[in-house]
Amino acid sequence: QTQSHIVGTLFPMSGSNAEFGTLYTNAVQLALDHITADRMLKSPIELRSQDSQATPQGGAVGMTRLATVDKASYVLLGFTGVSKAAAPIGGRNKVVMINGGGVGPDLATLSPYFVNIIPLANKEVTAILPWLAKEGLKRVALIYVDDPLGQSINQEFAAGLPKQGGTLVGAFSVPPTQQQFGAIAARVRDVKPDAVYFATPIGTQLSQMAKQLRDNGITQQFVTYSVGNLPSIVAQPESEGMIFTGQAADWTSNEPKIKRFVEGWRTKYKAEPVTYALNYYNGLMLFAMLAQGLERAGTPVTGETLLAELMRVRTFQLAGGEVTFDEHASASSAIQISRVHGGRSEKIG
Amino acid sequence: MTAYLLNLATLATIFGILAASLNVLIGYAGIFSVAHAVFFGVGAYAGAQVALNLVPDVLLASLAGGLLSGLLSLCLALPALRVRGEYFVAASLGLQMLAVTVFSEAHSLTGGHGGLVGIPPASLLGIDVSSPWRFLAVCVGALTLSLVSIAILMRGGFGRGLMAIRDSESAAEALGKNVPALKTIAVAIGCSLAGVAGTLFAFQLAFINVESFTLEQSVLLMAMVIIGGAGTLLGPLVGTLLLLLLPAVLSFIPFIPATEIGTVQQLVYGLAMTLLMIFRPAGLAAPSTGRR
Amino acid sequence: MLILQLLASGIQTGVLYGLTAAGFALIFGATRVFHVAHGATFVLAGYAFVLGAQAGLPWPVSCLLALVVAIGFGLFMDAFVYRPIQRHEGAFFTVFVAAFGASLVVQNLIQFCVGRGSVSVSTPLTRASEILPGLYVAPVFWIAIGVAVALFALVTMFLDRTDAGVALRGLSENPELLRAFGLSSRRLSALAFGIGSAMTVPGAILTAATSGIEPAAGAHVVLISLAAAVVGGIGSLRGAALAGLLLGITENLIIAVLDTQWSEAAGFLVLFAFILFRPSGLFGQAVRR
Amino acid sequence: MKPAVDKALGRLRASGPAPSPAGLVPAIAVAGLSAGYGGRPVLSDLSLSVPESEVLCLIGHNGAGKSTLLKLLFGLHPPTGGTIRLRGTELVPHPSAMAAAGIAYVPEGRGVFPGLTVKENFRLALWSAGLKGGEAAARTEEVLVILPRIKEFWTKRAGQLSGGQQQMVSIGRALLSRPSILLLDEPSIGLAPKLFQDLMAPIRALQQQRGMTILLVEQNVGEAFAISDSVVVMKSGQVIERGVPADFADHARLMELF
Amino acid sequence: MPGSLLSVRGLSKEFGGVKAIQSVDMDLVEGVVTALVGPNGAGKTTLFNLICGHISPDAGEVQLAGRPIRGERPHTIARLGIARSFQDLRLFGRMSVRDNVLSALEPTAWLWQPGGRRAARARLHKTEAALERTGLSALAGARAVDLSYAETKFLSLARILVTEARIWLLDEPASGLDPVSRARFVALLKEAVAAGVTVCLIEHNLDIVTELADRIAFLDRGRKLAEGEPAAILRDPELIGIYFGEPRR
């Protein structure tokens, strides 16, 4: 028995985004179970958790703590603000940071040590545009949170829709704290869209948007990106029929890795898994693979060696399929389109 | 471990400056501002812009941050000259909410919700002070300077003038105090110091966005001052240490389940605030009241 | 039509703001306590209702449960937090910090016990139908107006007509003197907290039905209450209610021309302007010392 | 001059500290009473008896503890030791209990709610005395007979009244409960001397007619003595002298006592 | 009027229908003690507030040694040498007794004080002397809120004592004092008058008025009804009727 590998998590565990923190932690826990069961590593993995509160300051303090006190070589984190604050600290301390939740396009180039295992949001918009055209949904109204994510989605639509013969008939930005959407509904109705696209990174906000728009007589098609895959949203009656994109993650697939993840999740947490969870599951799995390679080669496992290993291998077989990292260590994988139906999500393309 | 402690210590120092500057308003001048984070923010953005676009010199950036905050503090002085007590609290609240909106909408100046990224490492008059130890030293220097100047000012006639206004504005006027001028200066001093703290914060984090300058931050700052003891020199520091380090200490407690750490922290935090106020209403650093 | 629709949603938001703000103003007016935990009362009432409904209780029972929880929390804060502090020097801001701490405790306790997401009740009453071309109004619109107006009338009548109401006004002026009259200032302040807290219940229940309620929802509620209480003139129920309505309408109407992130700011701009240009509020008397 | 004072002093000492007429239980008797604010003692081991149906004037230097004593007697401030007996029965003072036992208290300063009308001020007093309907009306009428001028400003806000009028309302509302014991704390402050006399004359008449007991704290010795039956002097939280007003007529002697 | 240091001409003020002061003329003559007498609500305090600039008059003129001061800010008027006390004292409650007095000595306290250490020491000396005279030396370190009633009255006087004001406007400075303290208080005032201070005081206690005042100005319902020698005023049956009777509204 040698020294254990320290892996940190830096998720919001309190405040309005704490639902994500719980989800991500569960995913990491499941991955750890599987890694241990498979005896992938010689030394055990030890998890250390810090609360980022989804704020930059929380992220900076937590990251420093993980990097310098806990001496983690590998940290899983999420949220754009947190990522931005943590990235320089992690970079300075040579800690590999895995982002599986934040999808702002400005995350791509934060630091060489900053790895995006989730396809960034602009890629999701690119994937939904043809589908909208195919369905004849020409007039699109966008409700977006005014942050880099929302802005980039807005730009993607404004540029991409006309090419497909559609128009962005209205783009309404909201602050991240907004909870009342009755008035927005009035404006959305006013522009007579065929489809309404929601771009908010906050799950509770998305569910409120969907409910209040439906309540206020908006019957048009709802569309969103991977955030729509949260269990609380899928379960909500007002989400019925909502379309969302996400990494290709087919829960019904027979591919053994994904099957193991889905079944493991169902037995352990008595719930349906979501894409975000898969990202963080894969995040820890990726660590195990990298560390396994290093252990075999007799190289010590540090942030530096892990990153070198990642950039050397580039392509990994993770649950849900093959993932390739580009020169900025940002992943790309296939995007799938799903629909909420009867409180479950089903793949439609 | 050292780096972690250094980081915490630096943050504590920065918040120490903030709390001490807020204390000038709350404790001495009786101006109950819940908009202090606004001036913290203004300083941070101004300092960060200087560092990003001109030179990453702490002194220059702090000067810019402090000056801009001091200028904009007129927004706070204006209502302070007209109303007191609850009305002023409400006014500063309004200012805080407006400022948050402006911070998140003025993309070209503040980067919006995305914030300003990649603030370069700090230097001081050409010397690199970006290493944790050196930057802590800079911050401690700034804190010491602030505390000393606050102490000197508040022990002297200026401080007495402010406290007189705090206790009875009309009596202070009747004794020849120029109330509007004294109040405006006090607000300007408090807010410029907050701006300096903001600049240091921007350098320390290398990334800032509106989330650090919200109402919660303002209330937290206020709690630091009140819990430590408003109107005392060391009270704000005590309050800062307590409120800033409490979460850090709690995170070392092993038996709290990882998923609940945040909630438990906040719970203890809130409980500590309430209980401290019930049992030490005058603040921790205040002398236990003798007569009366 | 857009304006009309926004006006409608402004009125619906506004009457509930007004009612909650009037509760805050009542408490502040009578006891001089800046009850920042008013938002926590709101959230607790909302959760009590939702949990009651989810447990299968009939809705009147759930409402009653919410009422009991709200009043209970108000009384608890009065007796165990504010009163001990006021027994000391009772500085205004000490109360502020203590109340803020208590709100944090409530928020995190709910997170701990119930969960972090928002909860809501589904009811067909929130489904809007087109009553005029382009104007969609849900039954809750009428319910909100009806309940708020009725409750507000009831409370103002109580304050104007009954002995206890007169005593509450006396309490706001001089609690010590009330004791010299042989009345219990404690019981009266409990009364103020009871009624004031009860006034959050309709807002909480209807919010749970329309937009769902989350542990952190209290902050916004208390901000609005505070702003409305000041714009209305501190201590004036009528002023607070009217200002609440005004803030709700402003927030919504502004969306016709600006993006939503400006709507809250617009409300606070109104507040700021009021303080600068009419510090006594809509109905208050000037304060200067 | 000097021998006269000595003689008066001698007579005072001979009469003893608490001359209560034999066989009559005093209306109020306190023994060994002590109290303070935040640990600072104000009253220490104070004993005093107020005979039934008398006007007892309590004088003493500023801060002697006179107001504190009245507050204690009405239960507005807790004692730290000693006993309070009301017509022989010991009780723990509490405002509502004291009010129910027939004591009324008129505090120092203006004892009215300035924002309420005179009528509403009276209404509160009636409510606290548990009086309703016809009975309340009768009591109000009764007080308005004693102090008829209150009718002139019946619907005005108390804050708009002059000091004398406010004091009249304050005493009037105290009379609503038909108290057998009235505690008056410096009713003359801020009032012109004649005003005070005019105000107190009907109260004195009522007192004699009903046999009410009045404990009057006053600084304006001249006016107060004119309507008092006996005088008690307090110094630093203790009773140091007791006598009848005539005993203190000598100015120099009075100054010495302060 | 010859020797008039402060002159008030046609001063009027109305509060929402209440005519608190109606075209009042008054002169404070150097070295003369004027007592402002009148029933409650006569407008005495309001007159002080108008003179000191705490509220602005609707009409009228105020001159200090020939210089018009109407419309000046209160602190300017104070610095010109008019000191006032308040009916409700308005001490600086959370400051020490010493600081209460000291702050009265540094009206223009900016970020730094002119004169350096020596001037500061001189101010401290002056403060200690004032505390000594008012009998507060032993309490110099106590907070003002912790003082007893009589002590607060003396502190209020000490704050005025240290200023170099030529005119003192005192609003019921001795009300509620016990006879001994009152005697001490009056003695202090007499000393000040002897030293050349011009005093105007509002007082209900006619003993004090007769003991101190050289002149009486009689106010009722905002109007000055009479002014003159105390003996003359106090003999006027009509004025006495108003003063000792209830004010009729």
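By letter and in written order, the chains are A, B, C, D and E; residue numbering begins at 1 in each of them.
The criterion applied here is as follows: a contact is a pair of C-beta atoms (placed from the backbone, for glycine too) under 8 Å apart; a residue touches a chain by one contact, two chains touch by 3 or more.
Not measured: the values here are computed from a predicted model.
Counting hops only between chains that touch, chain A reaches chain D in a minimum of 2.
Among the remaining chains, those touching chain C as well as chain E are B, D. Averaging Cα atoms per chain gives one point for each, and the point farthest from that of chain A is the centre of D. The busiest chain interface, judged by C-beta pairs in contact, is B-C. The chain with its Cα centre farthest from the Cα centre of chain B is D.
Averaged Cα coordinates give chain B a centre that lies 53 Å from the centre of chain D.
Computed from the mean C-alpha positions, the centre of chain B lies at a distance of 42 Å from the centre of chain E.
Centre-to-centre separation of chain B and chain C, using mean CA positions: 30 Å. Here the CA centre of chain A is 73 Å from the CA centre of chain E.
Residue positions 108, 111, 261, 264 of chain C are each in touch with at least two other chains. In chain A, 14-15, 18, 22, 146, 175 are the positions where the chain touches two or more neighbouring chains simultaneously. Touching two or more other chains at once is no residue of chain E. Listing the residues of chain B that touch chain E in their complex gives 153, 156-158, 160-161, 163-164, 166-168, 170-179, 185, 231, 290-292. Touching chain D in their complex are the following residues of chain E: 39-41, 148-151, 172, 175-181, 183, 204-206, 240, 243-247, 249. By the touch rule above, chain C contacts chain B in their complex via residues 28, 34, 81, 84-85, 88-105, 107-109, 111-112, 219, 223, 226-227, 229-230, 234, 261-262, 264-265, 268-269, 271-272, 275-276, 279, 287-289.
Those residues of chain B that touch chain C in the complex are listed here as 26, 32, 78-79, 82-91, 93-95, 97-98, 100-102, 104-105, 168-170, 215, 219, 222-223, 226-227, 230, 260, 263-264, 266-267, 269-275, 277-278, 281-282, 289. Within the complex formed with chain A, the chain B residues making contact are 1-4, 7-8, 11, 101, 104-105, 112-115, 117-118, 204-209, 211-212, 247-248, 251, 258-263, 265-266.
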